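Below you'll find a set of structures to go through.
You will see two complexes here that share subunit A, one where it goes with subunit B and one where it goes with subunit C.
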Partner chain A sequence: MNGWNKTRWLIITLLVVAVYWWAVMGIDFNLHRIIAGLPKGKVILERIFVKSLRYIGGPFFWEMVMEMLKTLAMAYFGTFIASVLTVPFAFLAAVNFSPYARFFKMFLNFIRTFPEILLAIIFVSMVGPGPFAGVLAIGFHSVGMLGKLYAEAVENIDMKPIEAITAAGGNFWQKLIFGVLPQVFPYFASYSIYRFEIAVRSASTVGLVGAGGIGVPLLLKVQGRNWEQVGVIIIVIIITVVIVDYLSAYIRKRIV
Partner chain B sequence: MIEFRNVVVVYPNGFKALKGINLHIHEGEFVAIIGPSGAGKSTLIRTINGLVRITEGDLIVEGKHVQKLKDRELRLLRRKIGMIFQSFNLVKRMSVLRNVLVGRLGYVPTLKSLLNLFPKEDVEFALSNLEKVGIRDKAYVRADQLSGGQQQRVAIARALTQQPDIMLADEPVASLDPPTAKVVMDYLKKFNEELKITTLVNLHDVDLAKTYAGRIVGIRAGEIVFDGRPEELTRDILIRIYGKWQES
Partner chain C sequence: MARVLSTKTKVKIITISGLLTALLILSGILIEFDPLAFIKGIPRGIEFFASFLKPDLTYFKPILAKLIETLQIALVGTTIAAVISVIYSFFASHVTAPSRPIYFVARTIMNVLRTIPDIVLAAVFVAIFGIGALPGVLALIFFSFGIMTKLMSEDIDAVDRGPLEAVKSVGATRTQVIAFAVIPQVVPNFISYILYTFEVNVRVSIVLGLVGAGGIGQILMENIRLFQYDKVSMIILVTFIAVIIIDGFSEYIRKRIL
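This part shows the complex of A and B:
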């Protein structure tokens, strides 16, 4: 290694060290505090995942199962609203159907950039706290994502059967219902189910900002440092998400 | 019945697909159109039902000037013209019967058709046309479960369900093996004779054209270079149509 290369390595090393130093200082990093906090962490984790098990099957557990079912309803309804609202956007954003596809794709991207939690806060302010605000947040956000996926399904259709319907004297609506829909519907359904899977997770968290669902008791129990009950809620959410993911994958495999 | 008068088709990209076609097809004829790829066979056949609009000239089908028809009038004309395609063009995820009922779309009120409320007679007619092509038992099977030859027969049943006066076939057997191709061509010939459906078939297979057609039209680079009876199609004429010719 010659002198110049050595200098270069030294400079780069110093720069990297400086970046780390700056980052560590920035977040107030303190190894001592981690070590001091470890026993506390152990206790919390034990309360969440071990001591909570005693409550499984008890009244609080069943109450939370009911809350989870309500949360599923929120996710379902939000996804349903989005699925219906998305259909026109799918065609408006598909290059083979719309001259303004680029504009609508940008619009859908724009919708998607709003984090759900932010939308939930906005809707809680608009329509008051509760599941309705959560449904709106999930629905609105889903339009962005579903719109893009639906539009891709529309762009991938085979135009030949549609030519045949034209040749038989079919009009615009008949071409849509007989030619386009049978081709895109399984994909629309599949994407909506996938989106529902994601919505279940979001519906569990929008409650943290007051938008209903199991996130509401979760927030209350966290604030009260009631870790056993927090644990029960987390376990209910995890089991539900696993079941929903499994069912979703199974159904989607069967329809497309 | 079908009359081309100096018909010119220029595509938006500037390609001149038809360069002054004059052709008169009479009721009940079985006409094969032959010619090399890109000669304009598909374009020619698609002008008849307005899938391709003509740029110049006059095209009269069943007494109507196709180039002057408005949307609705064009749909009324199209329902009397059946069409089958090289790749069958069925909606794969729909049942065979529903595909055949597409042939009634020009007749049934839009809303009823969208709600799948086809009159009983229409459903029975569709089934009887499946019977005519020998696959009634497949009526409730999904279209993509059928073989290529069966799919083309569904497409023929769909066209018959339009109660057409004219049948257009764009390379109907190009994706089929020879025995299956023969079955499909036999059906086209049969319905031409029995139901008096004027039939125009694009074919790249000259032997098939000679076997089935009562009249052969040869086109090359958008112009008609031969129009006559199959036995008049000599080696010299084939060279004129294809540029070169090798006996198979």
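This part shows the complex of A and C:
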């Protein structure tokens, strides 16, 4: 290592240490506060994960199962609509199909930059509180993410079948339907199902800003410090997420 | 198309699309799908976006202070989680785990933690430790632990076995195998995962603030409650710019290191 390299590493190390010093000071990372909170933490965790079990099967539990079904409906509707709307974007943003691919890729990046919860706030102000606002937020964000993945699938297709159709005198639509779609469709479907998994998680949280779903009762119960009922909601969410992840992985393995 | 597809395939396609459509209609009913509300909301949406053009610039200072707090939460949370996750993932991979039972327990804990929504973790920590940045950091540690251990342990699962066997054949201990055959293979990806998690965490710490776990989400929630939409849009605008800068910065580091 020469002198310049050593100085450079020293500067970088000092910078990193300074940044962490600054960050730790800023958040008031205080061990006393953590230790002081532990007994309280034990009580709350007990109420969430142990005492809540008594409510499983009761009326509140079934009410929350119903809310979770609504949340799943939000995720499904948002993902479905987004999947359909994304298809044209996928071709517009693929370099082998569109001369303006760079522009559309930037547009999709721009959409993805918005955190879903901020989109939810915007849509709640537009259409009022309720699940519809949440669906719009999930759908909008999904277009950004699916657009990128779909476009990559389109860019990776094998051009030979399309050349074959061209050679046989096929027109644009015949090339698209028989040459391109059969190649990309399994990927599109797989990505949409994967996106649905993420949407289920988002749909559970957009309720915190009034955009419907199980997040609405969750916020209410947290604010009211009803930890047993918070526990019931958490258990319902966990079980649903596990089932959805498992089904999604199973279906995706069969498709691609 | 009729002559191209067999009857069996046709039946399959019709059944699947019928099922998907039925689910779409059912969920449309459950979510109270209302295109009229959307159309009626368009003027309000335009009004909202118009407020981006005349943001409440005087509000910049309180936003900046909270934005800095958000970054600090994300940085400290991601770093602590990264240290724990790197060590933990060696126990949660079948290549490096000391024994079957340890591997199984490690993976179960990891998978259960992953299903708890970030916002729930934050709400619980706020209740335990009070409002502020500390519960935000703790929530982020748990949340990013879930993401990183999954990515990292799967990476260790997929390492090239050649170097492992070579090191083993000359009589290396388990620790030596990990240090000389596994770690050199996974380091680039691990760095990439940590940067990715940091990007995610900046967004997540915005959400955490909504339940009182510090950072920019806290003032965002306050202003939503008070219907101060000019301030809300200023917050969104500043956050948006910050997210773009951080993503760009993270991308730059990734390109320099890898």
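One rule holds for everything that comes next: the second predicted complex is superposed on the first by the 231 of 256 C-alpha atoms of A that agree within 3 Å, B and C clash if a C-alpha of one lies under 4 Å from a C-alpha of the other, contacts with A are read in each partner's own complex, and residues count from 1 in each chain.
Definition applied: a residue touches a chain if its C-beta (ideal position, glycine included) is under 8 Å from a C-beta of that chain, and two chains touch if they have at least 3 such contacts.
These numbers were taken from a predicted model, which means no experiment stands behind them.
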Partner chain(s) touched by A:Leu31 [first = subunit B, second = subunit C, both, neither]: neither
Which of subunit B and subunit C A:Gln174 touches, first, second, both or neither: first
Which of subunit B and subunit C A:Thr205 touches, first, second, both or neither: second
First (subunit B), second (subunit C), both or neither touched by A:Ile165: first
Touch count on subunit A, higher of subunit B and subunit C: C
Intersection of subunit A interface sets (partners subunit B, subunit C): 177-178
Partner subunit C, residues of subunit A touching it in the complex: 19-20, 22-24, 26-30, 33-34, 37, 40-41, 44-45, 48, 69-70, 72-74, 76-77, 80, 113-115, 117-118, 121-123, 125-128, 130-132, 134-136, 177-178, 201, 204-205, 208-209, 212, 215, 218-219, 222, 225, 227, 230, 234, 237-238, 241-242, 245
Complex interface listing, subunit C residues touching subunit A: 1, 4, 20, 23-24, 26-28, 30-34, 37-38, 40-42, 44-45, 48, 68-69, 71-73, 75-76, 79, 111-112, 115-120, 123-124, 127-130, 132-134, 136-137, 203, 206-207, 210-211, 214, 220-221, 224, 229, 232, 236, 239-240, 243-244, 247
Contacting residues of subunit A [partner subunit B, same complex]: 158, 160-161, 163-171, 173-174, 177-179, 182-183, 186
Interface residues, subunit B side, partner subunit A - complex: 49, 51, 75-79, 81-83, 85, 87, 89-94, 98, 102-103, 105-106, 110, 113-114, 155, 158-159, 162, 168
